[in-house]
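As C-alpha cells, the structure follows; a few thoughts come after it.
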Amino acid sequence: MPPPPASLLEAFPTPSRLPLVIEHIAEEFTSQCPKTGHPDFGTVTVRFGPAAAGTPHSERGCVELKSLKLYLQSFRTEGIFYEAVTDRIRDDLVGLMHPVWLQVVTNWKGRGGIRSIIRAEHGDVPAHWRTAVEGRSL
Amino acid sequence: MPPPPASLLEAFPTPSRLPLVIEHIAEEFTSQCPKTGHPDFGTVTVRFGPAAAGTPHSERGCVELKSLKLYLQSFRTEGIFYEAVTDRIRDDLVGLMHPVWLQVVTNWKGRGGIRSIIRAEHGDVPAHWRTAVEGRSL
Amino acid sequence: MPPPPASLLEAFPTPSRLPLVIEHIAEEFTSQCPKTGHPDFGTVTVRFGPAAAGTPHSERGCVELKSLKLYLQSFRTEGIFYEAVTDRIRDDLVGLMHPVWLQVVTNWKGRGGIRSIIRAEHGDVPAHWRTAVEGRSL
Amino acid sequence: MPPPPASLLEAFPTPSRLPLVIEHIAEEFTSQCPKTGHPDFGTVTVRFGPAAAGTPHSERGCVELKSLKLYLQSFRTEGIFYEAVTDRIRDDLVGLMHPVWLQVVTNWKGRGGIRSIIRAEHGDVPAHWRTAVEGRSL
Amino acid sequence: MPPPPASLLEAFPTPSRLPLVIEHIAEEFTSQCPKTGHPDFGTVTVRFGPAAAGTPHSERGCVELKSLKLYLQSFRTEGIFYEAVTDRIRDDLVGLMHPVWLQVVTNWKGRGGIRSIIRAEHGDVPAHWRTAVEGRSL
Amino acid sequence: MPPPPASLLEAFPTPSRLPLVIEHIAEEFTSQCPKTGHPDFGTVTVRFGPAAAGTPHSERGCVELKSLKLYLQSFRTEGIFYEAVTDRIRDDLVGLMHPVWLQVVTNWKGRGGIRSIIRAEHGDVPAHWRTAVEGRSL
Amino acid sequence: MPPPPASLLEAFPTPSRLPLVIEHIAEEFTSQCPKTGHPDFGTVTVRFGPAAAGTPHSERGCVELKSLKLYLQSFRTEGIFYEAVTDRIRDDLVGLMHPVWLQVVTNWKGRGGIRSIIRAEHGDVPAHWRTAVEGRSL
Amino acid sequence: MPPPPASLLEAFPTPSRLPLVIEHIAEEFTSQCPKTGHPDFGTVTVRFGPAAAGTPHSERGCVELKSLKLYLQSFRTEGIFYEAVTDRIRDDLVGLMHPVWLQVVTNWKGRGGIRSIIRAEHGDVPAHWRTAVEGRSL
Amino acid sequence: MPPPPASLLEAFPTPSRLPLVIEHIAEEFTSQCPKTGHPDFGTVTVRFGPAAAGTPHSERGCVELKSLKLYLQSFRTEGIFYEAVTDRIRDDLVGLMHPVWLQVVTNWKGRGGIRSIIRAEHGDVPAHWRTAVEGRSL
Amino acid sequence: MPPPPASLLEAFPTPSRLPLVIEHIAEEFTSQCPKTGHPDFGTVTVRFGPAAAGTPHSERGCVELKSLKLYLQSFRTEGIFYEAVTDRIRDDLVGLMHPVWLQVVTNWKGRGGIRSIIRAEHGDVPAHWRTAVEGRSL
C-alpha cells in the first residue's frame, strides 16, 4: 500500500518575526500493524519553531490545520511500525516547513502490557521543550 | 471588523524594585474563526517580568486586571486566527508595559480531533518559566 | 487601616550547618480588595534557604509556624492589592530572617474569569526551585 | 533457578539517521522476593537513544517489542532483589543494543508502608530526560 | 526520651559499578510535637546515589529496607520538630552509607491551615533530582 | 435582540423501537448577562429518551447534532439569565422532539466566588439518570 | 456581634411552572470560631426546588445571586459554630423563598486532622439529590 | 459497504448457575461518519447478565473476547451513525447470547464542541447498573 | 494495655429540631497490630443523624470535635484489630450520643498488597448515605 | 496443574452482633491465560456481610487476611479464565464463611484494547453496595 501522500499537507506564512512555538496534538490517531493488520491507536504531538517571517522558508512556515488532519487520517489504512510513523511525520513536516526545530512524539496505547513512546527530532530542539513534553506524556 | 482596541488596556506602576513575576490566566476566552465564523474557545495565559520600579517604563509596568478583562472580551466578535490572536496580545501588551520579558500562551480546545497551543515571547524569557508553562498545558 | 504588624513574626535558630530548604504553604489566605472591599482568597507559599547555623543571622534563621499563621491571619481585615501583599510578605520575612534566598508566591482565585499568580523573590533563588513552584501552581 | 535468558531478546535495525528516543513502559511486571518468595509487583520503564542508522551497532539498535515482553515475563518465577532486577535489565539491553544512552527505572509497589524506585543508567543520559522521568514517577 | 537509635539501620553492598539512584518513600510516617505532644503525620522520602561498587564505603552502600522501616517507626513515640526529624534522618543515613549524594524530604500534613515541606541535602545533589522532587510534592 | 430561533433545530427519526438514551454535552457554551453585558460561560447537557420508533412523534424523535450546535451558538450574542437559558432550551427541544423525558443541565463557571447549576426537566425523568448527572456535575 | 442580616437576601420570581433545581456553590466561605477567634474556611452549597410559577411564594421563589454573595460575606467577621452556620443559612433561605425543598451542605477544611461536613434540610429532599451531593463532597 | 458480519461473534457456555455480571470495555473503537467519511472515535461498553447455566441459551451465554475484538474492529471501515452503531451492537449481541439483560453504551469524542453518549438496552436492566455506568461516563 | 477511655468523649446539644447529618473525617488515624506491634494507618469516618432538639438524648446529641480528636489519638498506642477498632468507635459514640443512626467506616492502607475497608452501623442508616460513602472510599 | 487449595483459607469469629460490611481489595492479583500461558493482571475485590455473632457460622464468619493473601497468590501459576477465577473465589469464600451476602469483582487490565470486569454474587447483595462498587471500577 503506498505511503500517505505528503502532498496532502499545506502551509501558510509565518505571521511574525518574533519567536513563536506552535504545537498541534492529535489524540485520535490510528494506523495498522504491518505484521498482524491489527489497529494501533495513539496520540501524535507535533511541536516546532517556525521559520521567522522575513527568513527563507517563512512563506511556508506553518502547517495548515485541516491539511494536517487529512494527512494524519491517511495513515488509517496503512500498515506501518511505530518508529516509521514517527519518522515519516517528521520528514514530511520538515520537508514542508523547514522549521528552525521540530519534534514529533507518538504515544501509543499498550499492547500486551507494554506501551511505547517514540520521539523524533529535527534541528536543535531546546532542552526545556523536550523536558516539558516528557512530563506530559502520562 | 476593526481589531480589538489596544487602548482598552490600562497600566499601573510596578510596585517594587525587586524582581517580580506576574501571571494572569484567562480561562474563558473566545474569538471566531475568520473563515467559518464558528467560535473558538481557549485559555490565554500572560506572564511577564515588569519593568522594575525606578527604571524607565515602570510607571506603566503592570497591566490593570479589569482593563485586561475588557480587552480580552473584545475578541468575542472578532474573526481572527490562533496565531494572530497570540501575536496581537503580545504586541499590545509589550506596547503597553515594555516589560523585561513577556510570554503569551494560547491553549485552544480541539477542532476535528486536533487541539493546538501557540506561544509568543518577547525579550529573554528565562528557560525555567517556559518549561513550567509547558508542564501545565494539560 | 494600619498594615499587619510584622512584629507578629517570630523566629528560631537554624538547626543545621548543612543546606536546608523550608517551605510553608498557607492555603486559607484571605485579604480584601482595597477598591471594592470584596474579599480575595488565595494560597501563599513561602520557600527559603535559611542562614546556615554558624553564620550571621542564623539565630533568627527560621520563621516560627504559629507566628506565621497569626501574621497571615492579620491580612483578613486589610484592603491591599495582590502585588502589595506579595511584596509585604517578602519584605517582612526577609527583615525577620535574612535568608540566603526567599521566594513568595501568591496564587489567587479568579475574579471575572481571570486568575492571577504573583511571585516575589529575594536573593539568588536557584532556578530549579522556581521551576518546581511553577509546575505546581495549578 | 537460572536467570532469565537474555537470549530471549531480539533487535531490529534503527530506522533513522536522525535522533530518536524510544521508551517502553511495562506496567505489569512481577518477580519474587528471593528471601520470602512473596511476589513483587512494579512498573519497568526502559528509555534509550538507539545507535543511529549508519553507525556501528545500528543493525541491532532497537529491541523488538514482543521479545521484550517475553523477556520481562521470564522474571515471573525468579527470586531477585529490586536492585538486581534493575541492573540485569540494563546489562541485558545494553548488551543487545549498544545504545548511545539507556535508562531503566523500576517503580515498585509498597511493602510495609515503604515503596521504592530504582534507576540504573548507561552512557550519558541527558539531564532533561532524567528530570522528566522523575516528574512522572508518581 | 532518647532519640531513635541509628543502630537500627542496616546496609548491604552496592550491587553495581554503574550509576544507580535509589529512592524510598515512606508515606506512613508519624512523630510527635515536642511542645504539645500531638501527633504529626507526613511522608519521608529518601533519595541517594550510593557509593559505587569498588569504591570505599560501597560495602555498606545501600540501606536495607526492613531496617529502614523499623528505624522510621522508632520516631512514633518521639517528640521532635520537623526540622530536627529531617536533619536526624539525613545524618543517620549519611553516617550509615556515606553516599555520593543524599536528599531527605519530609512533607507534613497541615496544622492550622499551613502545611510544610523540609528538605535536607548531603553532597552535591544533581539539580534535576531536586527539581523532580519538588514537582511531586503535591 | 430577538431570541435564538428554535427553527434552527432539526430532527431525524428515532432509529429503534427499543429503549434508547441520548445525551449531548456542549462544553463551549457562552451567552451574556442581560444586566451587565459580560459574557457567561458554561456547559449545557441535554439528555432524553426519544419517542420510540412506531409511536407518535418518532419521525422527529432525535435532534440533529449540527443543528443543535448552531442553535446553541445562537445564544452567543444574547443577554439572558441562567434560568431562562435552561428553560428556553428545554422548551425548544421538547417542542421539537416530544421526547418521553428530557433533562437540561446548565453548569456555569463562577462569578464572584459562586458557581451555579440549573436543571430543568420534562416528563418523568428516571431517578437514576438524575442521580448520575449530579454525580458528574463536578 | 449581631448576626448576619437575612435582610441582605433578595429574591426574584420563579421563571417556570415546570420543575427546576437550582444549586449555588460558594467555595470561598469564611467565618470565625466563636471560642478561639481563628478563621474557619469552607464551601457552602445551597440546592433547592423553587416554588413553581403560579403557586404561592413563587414571586420570591429564587434567591438573587449577588445578594446571596453579600449575605455569605457577612459571616466573615462573625464567630459562629459549623452547625449554627448551616442552620442559619437554611432558616434564612427558607424564610426568603419558601421552596418546595432545600438542602444546605457546609464542607469545612480540616482542623487538627479532622474535617467535617454538615447538612441541613428543609422539606422532602429527593433521595437522589442527597446521594449526589454526598458523592461530590470530596 | 456491507455491515460488519455478526457471524464474527462467537460464544461459550455460561460457567455458573449463580448470578454473574460481565462487562467488556473497548476504548479504541473507531467507525466513520456516513456523510463526511471522517473518522469517529469512542468507547464501547457492553454489560450483561448471561443466561445462567442450566437455562436455555446458556450454551452460548458469554461472548468470546477475541471474537468481540474482531467484530468491533470490523466497524473501522464502515460509515454508520452513532445511534446505528449502538443499535447494531445491541442487536448482534442479543442475537448471539440471549442474555437476561444487556446494555450497550457508546461514548463518543467531541465534534464541533459537542460530545455524545448513546445507550441502548435489552431486557430489564437493573437500575443500579444504569446509574453506575452513568457515573463513569466521564 | 487498657482500651481508649470512652470518657474522653464529650457532647453538646443538637442545635436544631430539623434533620441534620453530621460527618467527621479523621484522615490521620493510627493504631497498632495486636500480633506484630507494627503500626496500622487509616481514615476513620463517622457519620450520624443526631437526636433532634426536643427529643430524649438531644442534650448530648453531637460529639464535640476536640474530644473526638483526643479520643481517636488514644488508639495510637493500642494493639487492636481493624474490626475491633470499628466496633469500639461505633459503640462508644452510640453510648455517648444515642443518635438516630450512625455509621463508622475505617479505610486502612494496604498490607501485603491487600487493603481493607470495614463498616459498622447503628440504627436504620438511609441507603443513600451508605451508597455515598462507598463511592468515596477510593 | 491442580487448583489453588481452598484449604489455604482461614477464618475467625465475627466480632459483633450488629451489621458489619467487610471489604478486602487485592490490587496485585495475577493468574495465567489457560490458552496462551500469558499472564493476566487484575484487581480482586471481596465484599461481604459476615454471619452475625450468635448466629450459625459466625465462628468462621470472617476470612483471615494473611490466609487470603496466600490463597490469592496461589493463582499465580494457574491457567484459568476470568470467569472461572471469579467463580472459584466466590465458591471458596462462601464455603469458608457462609456469609449473609458476598460479592466478588475481578477487574482485569486490558488485552487487545478491551478490558473486562466480572462480578459474581452470593445471597441478597444490597443494591447500594452493587452500585457503589460499579462507581469505583474505574
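Note that the chains take the letters A, B, C, D, E, F, G, H, I and J in the order they are written out, and that residue 1 is the start of every chain.
One rule holds for everything that comes next: contacts are C-beta pairs under 8 Å (C-beta built on N, C-alpha and C of every residue); 3 or more make two chains touch, one makes a residue touch a chain.
From a predicted model like this one, the values you see are computed outputs, not experimental measurements.
The chain pair with the larger count of C-beta pairs in contact, out of F-H and D-J, is F-H. Chain I and chain J have centres, each the mean of its CA atoms, that are 27 Å apart.
In terms of their C-alpha centroids, the spacing between chain B and chain I amounts to 51 Å. Centres computed as Cα averages put chain B at a distance of 55 Å from chain J. Spacing of chain A relative to chain F, judged by their CA centroids, is 37 angstrom.
Counting partners per residue, chain H has 27-28, 38-39, 41, 109-113, 127-128, 131, 135 as the residues that reach two or more other chains.
This structure has the following touching chain pairs: A-B, A-D, A-H, A-J, B-C, B-F, B-H, C-E, C-F, C-G, D-E, D-I, D-J, E-G, E-I, F-G, F-H, G-I, H-J, I-J. If you check the complex, the residues on chain H that touch chain A are 27-28, 30, 38-39, 41, 73, 76-77, 109.
Across the interface of their complex, chain F is touched by residues 38-39, 41, 109-113 of chain C.
If you check the complex, the residues on chain G that touch chain F are 15-16, 18-28, 62, 65-66, 68-69, 72, 126-129, 131-133, 135-136. Against chain I, the residues of chain G that register as touching in their complex are 81, 83-84, 86-87, 90, 110-122, 127-128, 130-131, 134-135, 137-138.
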